[in-house]
Amino acid sequence: MKTTRLRRITISSLWALAGVALVLIMWELVKFIGSLIELPLKTDDTSMPHVWSMVSAFGNPEVRGSDTSVLEAVLSAAAYSLLIAFGGFIIGVSVGLLLAIIMQRFYFFERGLLPFVIASQTVPLIALAPLIVGLGNRVSFGPVSWTTTYSVMFIAAYLAFFPLSVGALRGLQAPRPTSLELMRSYAATPKQVLWKLRFPSSIPYLVPALKVSIAAAVVGTVVAEISTGVKGGIGRLIIEYARETTSQPAKVYVAVFGAILLGLVATALVTALDMYLTRNLPKEGKA
Amino acid sequence: MSNVPAGGQAVSVEGLWKIFNEGASNEVTALSDVSLTIIAGEFISLIGPSGCGKSTLLRVIGDLTDASRGVVEVAGVSPHEARVQQLYGIAFQQAALFDWRTVVKNVELPLELLGWDKKRRAARALELLEMVQLADFANHRPWELSGGMQQRVAIARSLAVDPPLLLMDEPFGALDEMTRERMQNELLRIRLETGKTIVFVTHSIPEAVYLSDRVVVMSARPGRITGIVDINLGERNEDTRETDAFYSGVTEVREALRGRSAGGNHTRIGEV
Amino acid sequence: MTKRLSLSLIWPPVLIAALFLGAWQLLVIANDIQPYLLPAPSLIAENFTSDVSLMWAAAYYTGTTAFLGLVFGTIAALIMSLLAQRLIVVNRLITPLAAGLATVPIIALTPILNNMFNITSRTPRVLVTMIIVLFPMFVNVTRGLLQVQPVQLELMRSLNAKPRMTLRVLRIPNAIPFFFTGLKIAAPLAVIAALVAEYFGGPQEGLGSRIAGAAANTAYGRAWAYVVASIITGLIFYLIVVALEKWTTPWTGRSRST
């Protein structure tokens, strides 16, 4: 009971680090075994560089003679992707919340839309990525011309929106009948019920939905970048570096590290949001 | 103690202490110097406010938790040995039935763990379901049954290995009053048919009085026995709950609870 | 659960779907929207029906990758979960890692796996699918093995059941609904992973390759038809899991006994 959440998070992070260390040790172990006997995978230094060559690759110049290091290039690409993912996340969450409110308020829309929202979670909507990104620079809305960056953000938003609307709807419907009857006995307006009862009760459902949404936005951004080669982000960098494996085998690992970092930063942001939103809830009551 | 059938010691508890988180800042004394002897065939109720350690006492007897200090014997052996030998059956407030098993398979569970063959355990389980009048529901799923019926399945399961001792932890606590009274009659009938020793935890005074030969009254902080009330109602029937003897039993238990618990509260306020 | 699907449950989604498709068709025709922007539903349907054998071949390729990844990933997750419920160290090592990896685009590992294994084979794709499937399956199954009602554990203890017995009689049956929860997340993910892994190069037979290829050839109607085929593939995976769940665990979806 005495352990604060921050401490619990620190402890589990340390365990996670130990887990990562274990993965790295196994990596080297596989390489070592591969040098002794024939394995069904390539364990030479080109296909599986040593952990230390990956680390040293962080400091290498990005291209010969350049004064930006690989790490700097990766970090700026990851930051760029994070920005797009976050933009998509914000748009997706806003639209998702709005839709959830509409579905909660009007039974017809719940009946009519929910099956599609649920079905959409089970189908590979990301397959649309190459098509939507293809819109880039060909459309304009008044003075604003649609760039490929918007396309990537659109995909991120699209993927983030579905899990959130389902979670939010479940949350808005969470209040017990007695709580609703209580509000009715106060002659509360629908708006008051929404603000005073439904929103607060939806938080235990909203938080996990936010986590799924941010994950979807991040993965969506990276995949959209990969599937179309939009420049600037980490997805494109992974593809580019992967092509250089024969000359610089460790380089692509820095980019993958960037993608992992991107995911972790996104998780950290949502965890902080989670801690803020659930600060008044009993610990066990949290979903 | 006129209702007590002749018999040996079913359970003996001597100087029992149970302290949770001993030595830590959140140390709690759940049981303080508890001694109690239960005679074979006796129906004993443990009653008291929450936190008085009545459930903990039951759990120590069942070896579901360890004693901190003191000696506990069940049928002449340690609680651990009694558990290994399956000398008791237990029923909880929650029926704790497995949703993925049918009713009859739930009753068979203890026999399955003992390695009984299929035919024999099915026959035994059906026999028990007949005793609790649920034979017709043998192949239903637990969630198709009402709360009272689920609890009867749990009681049948606790009787599966035919243990001499039944431990019951508020088994009727979640049932409505009417169902509860029916279940009490049923339990007394089963007791009469099987001659089990029963240790029954409850927080209902009328329930304790109606069922028991002796009511053990406990109080909280620290958990201890503050009195034992003998009940002499003879054979129970539909009118028993309206007799003067019943009312005076209820009054006596209530007095025992109130007298001691008020003192207990007082001490606590003094300490704080 | 009502046995028959009532009409009031069916008509709103059907109506909305019809309205949506109709509006889409009208919008495209009335504004003369070019297919690269948004092909009309009729054009997509036309492409789908005329090339149905191509659709099937692509879906079969990607579906096979997804299925293999799903099976291997699930088996690996089950082994890890059994270890994690027995050994607290394993649980502590893997659980935070699995939680952290939820937001990591694991698909980014594909080029690495392409280097380690033969890029012209299906192996790297199956492997990345397997890794993506592994974590939601592990998290859910482990939860199912560990989140047993305390009273049921007490009952098992009162019955003097050994840990292995408790695992067999209580923990594993208890984990089955959780297993299906995980599988319902993992099965669509497997299709997505198998499809997206194709964007990293390698054999060009699958849905992902076909979508990208058709888009590159400005055959937008066909690209969208492949998207429809992808959606159907994903839906089939999901529905198979749902059917399996209904068939194997008739006790779920009911209120739990207390």
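In order of appearance the chains are A, B and C, and numbering begins at 1 in each one.
Rule of thumb we're sticking to: a residue touches a chain if its C-beta (ideal position, glycine included) is under 8 Å from a C-beta of that chain, and two chains touch if they have at least 3 such contacts.
As the structure is a computational prediction, the values presented were derived from the model and not from experiment.
Among the chains in view, C has its Cα centre nearest the centre of the complete protein Cα set.
The chain with its CA mean position farthest from that of subunit B is A. In terms of their C-alpha centroids, the spacing between subunit A and subunit B amounts to 52 Å.
Centre-to-centre separation of subunit B and subunit C, using mean CA positions: 48 Å.
Distance between chain centres (mean CA atoms), subunit A to subunit C: 17 Å. In the complex of the two chains, the subunit C residues touching subunit B come out as 149, 151-152, 154-155, 157-161, 165, 169-170, 173-174, 176, 249-252, 254-258.
Looking at the complex, you find that subunit B touches subunit C at residues 59, 62-64, 83-84, 86, 88-90, 92-101, 109-110, 112-113, 141-143, 145, 147, 150, 167, 174.
The residues of subunit A lying in touch with subunit C in their complex are 12-13, 15-16, 18-20, 22, 40-43, 46-48, 108, 111-113, 115-116, 119, 121-128, 130-131, 134-135, 138-139, 211, 214-215, 218-219, 222-223, 226-227, 234-235, 238-239, 241-242, 245, 249, 252-253, 255-256, 259-260, 262-264, 266-267, 270. Within the complex formed with subunit A, the residues of subunit C that make contact are 8-9, 12-13, 15-17, 36-37, 92-97, 99-105, 107-109, 111-112, 114-117, 184, 187-188, 191-192, 195-196, 199-200, 207-208, 211-212, 215, 220, 223-224, 226-227, 230-231, 233-235, 237-238.
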